[in-house]
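I'd like to ask some things about the structure below.
To keep things simple, chains are lettered A, B, C and D as they appear, and every chain counts its residues starting from 1.
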Amino acid sequence: MTDPTYTSDDIMTIVAARALEPAAVTFVGIGLPSTAANLARVTTNPDCVLIYESGCIGSKPVRLPSSIGDGVLADNADAVIAVPEIFAYWLQAGRIDIGFLGAAQIDKHANLNTTVIGPYESPKVRLPGAGGAPEIAANCRRVIVTLRHSPRAFVEKVDFITSFGYGNGGDERDKLGLRGGPTDVITDLGVLQPDPVTKELVLTAVHPGVTIEQVQAATGWDLKTSSSIVETAAPTAGEMAALTALRNA
Amino acid sequence: MADLVGLAEAIAAHVHDGDTVALEGFTHLIPFAAGNEIIRQGRRDLTLVRMTPDIVYDRLIGAGCARKLVFSWGGNPGVGSLHRMRDAVQNQWPAPLEIEEHSHAGMAVRWQAGASGLPFGILRGYVGTSLPFHTDTIANVTCPFTGEDLMAVPALNPDVGIIHAQQADRAGNVMMWGITGVQKECVLASTRAIVTVEEVVDAFEPHVNGVVLPSWVIDSVCVVPGGAHPSYAAGYSERDNPYYESWDPISRERESFEQWLAEEVMA
Amino acid sequence: MADLVGLAEAIAAHVHDGDTVALEGFTHLIPFAAGNEIIRQGRRDLTLVRMTPDIVYDRLIGAGCARKLVFSWGGNPGVGSLHRMRDAVQNQWPAPLEIEEHSHAGMAVRWQAGASGLPFGILRGYVGTSLPFHTDTIANVTCPFTGEDLMAVPALNPDVGIIHAQQADRAGNVMMWGITGVQKECVLASTRAIVTVEEVVDAFEPHVNGVVLPSWVIDSVCVVPGGAHPSYAAGYSERDNPYYESWDPISRERESFEQWLAEEVMA
Amino acid sequence: MTDPTYTSDDIMTIVAARALEPAAVTFVGIGLPSTAANLARVTTNPDCVLIYESGCIGSKPVRLPSSIGDGVLADNADAVIAVPEIFAYWLQAGRIDIGFLGAAQIDKHANLNTTVIGPYESPKVRLPGAGGAPEIAANCRRVIVTLRHSPRAFVEKVDFITSFGYGNGGDERDKLGLRGGPTDVITDLGVLQPDPVTKELVLTAVHPGVTIEQVQAATGWDLKTSSSIVETAAPTAGEMAALTALRNA
């Protein structure tokens, strides 16, 4: 990061917020996805509908939630319902436009791992596991992924597919009958998107001051670059102010 | 009809070594006090069921109460790892911990099936993931009308289900509201049910997502104000986020955890 | 996002000849005004879905709007028979009426499956009864874990779901409370949804069994005070039991029904 | 009926109310079952829990409901829930002690018909159909049936099995894995109960002033009589007063 006025978290959050479509119904995980979704809601996208797996539909939190079941998510929500209904009636039924996921590992075909590093039976690192992610990844119209770039995180093949992206690529996802799939992987260095045919993630944007080589060095496979690669617009003063206000609320 | 009893008495009456036990509550209304009481009573070989093990099961696992964990997301929410759970899975300390791992959607369907008296439930889930290769309780089922393949998961029917709710009335009916997770299903799916509550009231008021469980599906109601701390009870308390953060250093090492256990639970 | 429009406009926009249409409401909150509007607009060849056809479908059937009825209990509640439905089934008047007959439990599971995006749902039902011999949409399914046989029924996913609720807010969200039947599932399972409401309010208050449906799952919200008469809307009206009784002589003969239709609906 | 002080409806209702066990959880249909269950609740059985298929648990109606979804059933209920839950979480899960059913036809083995008289495809009389009855009959610990005696109602074989009693008798019900089964058929003339082995309904009680021959004449099969047949106790003044008060509330 060459610009000292924003952090890598800031730009990831702001780029993710920009990726939300107007009025999209968004299934939000806690942490950076939640910050990004709420940033969009209080700035450019007041009509986006935030859904949290704890059962909150249309959450309008007055401060950032510190957990998926934070009371502020329920307080001003349009509806609060039981967890089985959130997954069956809302997510599985295909009512969600955008799913917003993080991951510990992602691979070349956008499969996500939040379960285990190393063998499942004798793990090197035991991670939290699936939570809502597998069905968010399967049932939303599109999925946005945010995670920090590193060769350990961006790997040729994930150790465990917690959430299916494109499998081994090509039409594998379609053949399984899954909706959507990851469309944007937003990192601290840039943005990766799947090739329309092979579904291999390619670099489509670099953040200001980041070189393609830096991103390639932080990626555990031979990362290809889109012919139409762009530089991310730097966070504006307005975006930064809104983000700061949100964090301090 | 629910007895109004002390928590120690309720746990002693209903939670036995070797039982399958579920303490549910999705971030909100987690029955922490009941979990500590199970530790205090020295229960062993429990199969612990819960979507998000959270600190409540990190404690039970670290204290050696569990032989198996059925779950779908095992982190310290907003903070990081559950170190006692990780130590048990990676290093078998203090005892080996068998795990049966699902997704939230799968666990929710399992709770619904359990509450419905069905042996299994169905969902569009797990497709393409590694979970079915490691979890026996995921199977295929075919729609008899469309021929479509779907996933099946078996019902959850614990020996004991334990939840925390905001209120009981004098007849032993229980009311909770706000984020209510799978707690209704947990009580209805379990053979025995214990509910801890913030207080007893004369009559319930309507609330957003208010859920009432009648007395006759509950075995024991225990008045335990603050019994969900460090989680919270909407209308009574806020989530103690600093406590969740403080759990990280407490639980990171075996020694600090055991010291905490001796001082805060067993003392 | 729901449009706030007149009922005639909503029905014209969303209900077409040949559609599968569900007007739900379990004794309470039956969308009678919407049913009459469908008759007025002369819709034909509808497949009508509803657990309890009630007077609302007796009218539609007698008026010749329906070619098929999917249901589970077809009486005039508290009074006796639905004469127009009976005349259609027994005498094909005014048109043959195909029927697809389930139990309440089966229909409820079908609604849940439809709202869940599943092709089918399972239940312990119909065992030993004659229904599976006459209803194609009942099949066996085997539990992949226990080997147990259960019954499967296919999802309901109408083209249009129509319900009556107590309130909408200015954003087009809808709230109903009290006895809410399968109305949430009906809206969520249907491709298009129309909700008639008693009134528009600035903000919702909590109620016993309060159910909120967000604006973005509804196509049209129509303010129709009394739109559930002769059924009722808790907090707004009482069920008009004498009307249900008066329907018996009105509907018993074709002539009296047609006179009623001409005077009360088409006029 | 020889006693002019009560009607056949009165004695059916009162005998049915007496058949409710203390504090039993009872799944109640509208009409006579509802009157009987509420009579029990306001007299000898204040702790019985009345459940209506409209989603009302623990109803305490201040007057008799005129429909299954009457507002008085919800007003003082312990809980009001959605219809899918009533059937799945409460009835199917086996939480109900007693189911209370009526019927248009019943046969020798207590199978009930509320669907159709004559062939299904070209009915002589089209009846309302199943409603909640098949699963009430299948899932309660026991079932009480009330209907008026006549040879057309009490038939050798029902035209259509809407609700399974004992099939062709013997252990057929057990083999199907169904709970409970009909234990009492309460009519305007007496009470029939299934033989413990054959499951054929036999006459176990006659109401005051009714002869065995009268009941047999009103039954469409060769009705057997229990060796321990009794005469029903006549409605007491207290029962009659409570019933009248309930109807006038």
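To be clear about the criterion, a residue touches a chain if its C-beta (ideal position, glycine included) is under 8 Å from a C-beta of that chain, and two chains touch if they have at least 3 such contacts.
What you see is a predicted model, and the numbers here were worked out from it, not measured in a lab.
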Both-way neighbours, i.e. chains that touch chain C and touch chain B: A, D
Inter-chain centre distance, chain B versus chain D - centres from mean C-alpha coordinates, in Å: 40
Centroid spacing, where centroids are CA-atom means, of chain A and chain B in whole angstrom: 28
Centre-of-Cα separation between chain D and chain A, whole angstrom: 58
Where chain C touches two or more other chains at once, by residue number: 112, 117-118, 123-124, 184-185, 208-209
Sequence positions of chain A contacting 2 or more other chains: 79, 88, 92, 139
Pairs of chains, among all present, that meet the touch criterion: A-B, A-C, B-C, B-D, C-D
Complex interface listing, chain D residues touching chain B: 23, 25, 49, 57-58, 78-79, 88-89, 92-95, 139
Interfacial residue positions of chain D with respect to chain C in the complex: 30-31, 53-56, 66-71, 73-74, 79-84, 86-88, 91-92, 115, 120, 123, 125-135, 138-139, 160-164, 167, 172-173, 176-178
Interface residues, chain C side, partner chain A - complex: 1, 112, 115-118, 173, 184-185, 188, 212-217
Sites on chain C touched by chain D in the complex: 26-28, 51-52, 71-75, 77-78, 81-82, 85-86, 89-90, 101-105, 108-109, 111-112, 123-131, 134, 178-182, 184-185, 208-209, 211, 232, 234, 238-239, 241, 244
Partner chain B, residues of chain C touching it in the complex: 117-124, 137, 139-141, 143-146, 148, 150, 152, 154, 205-210
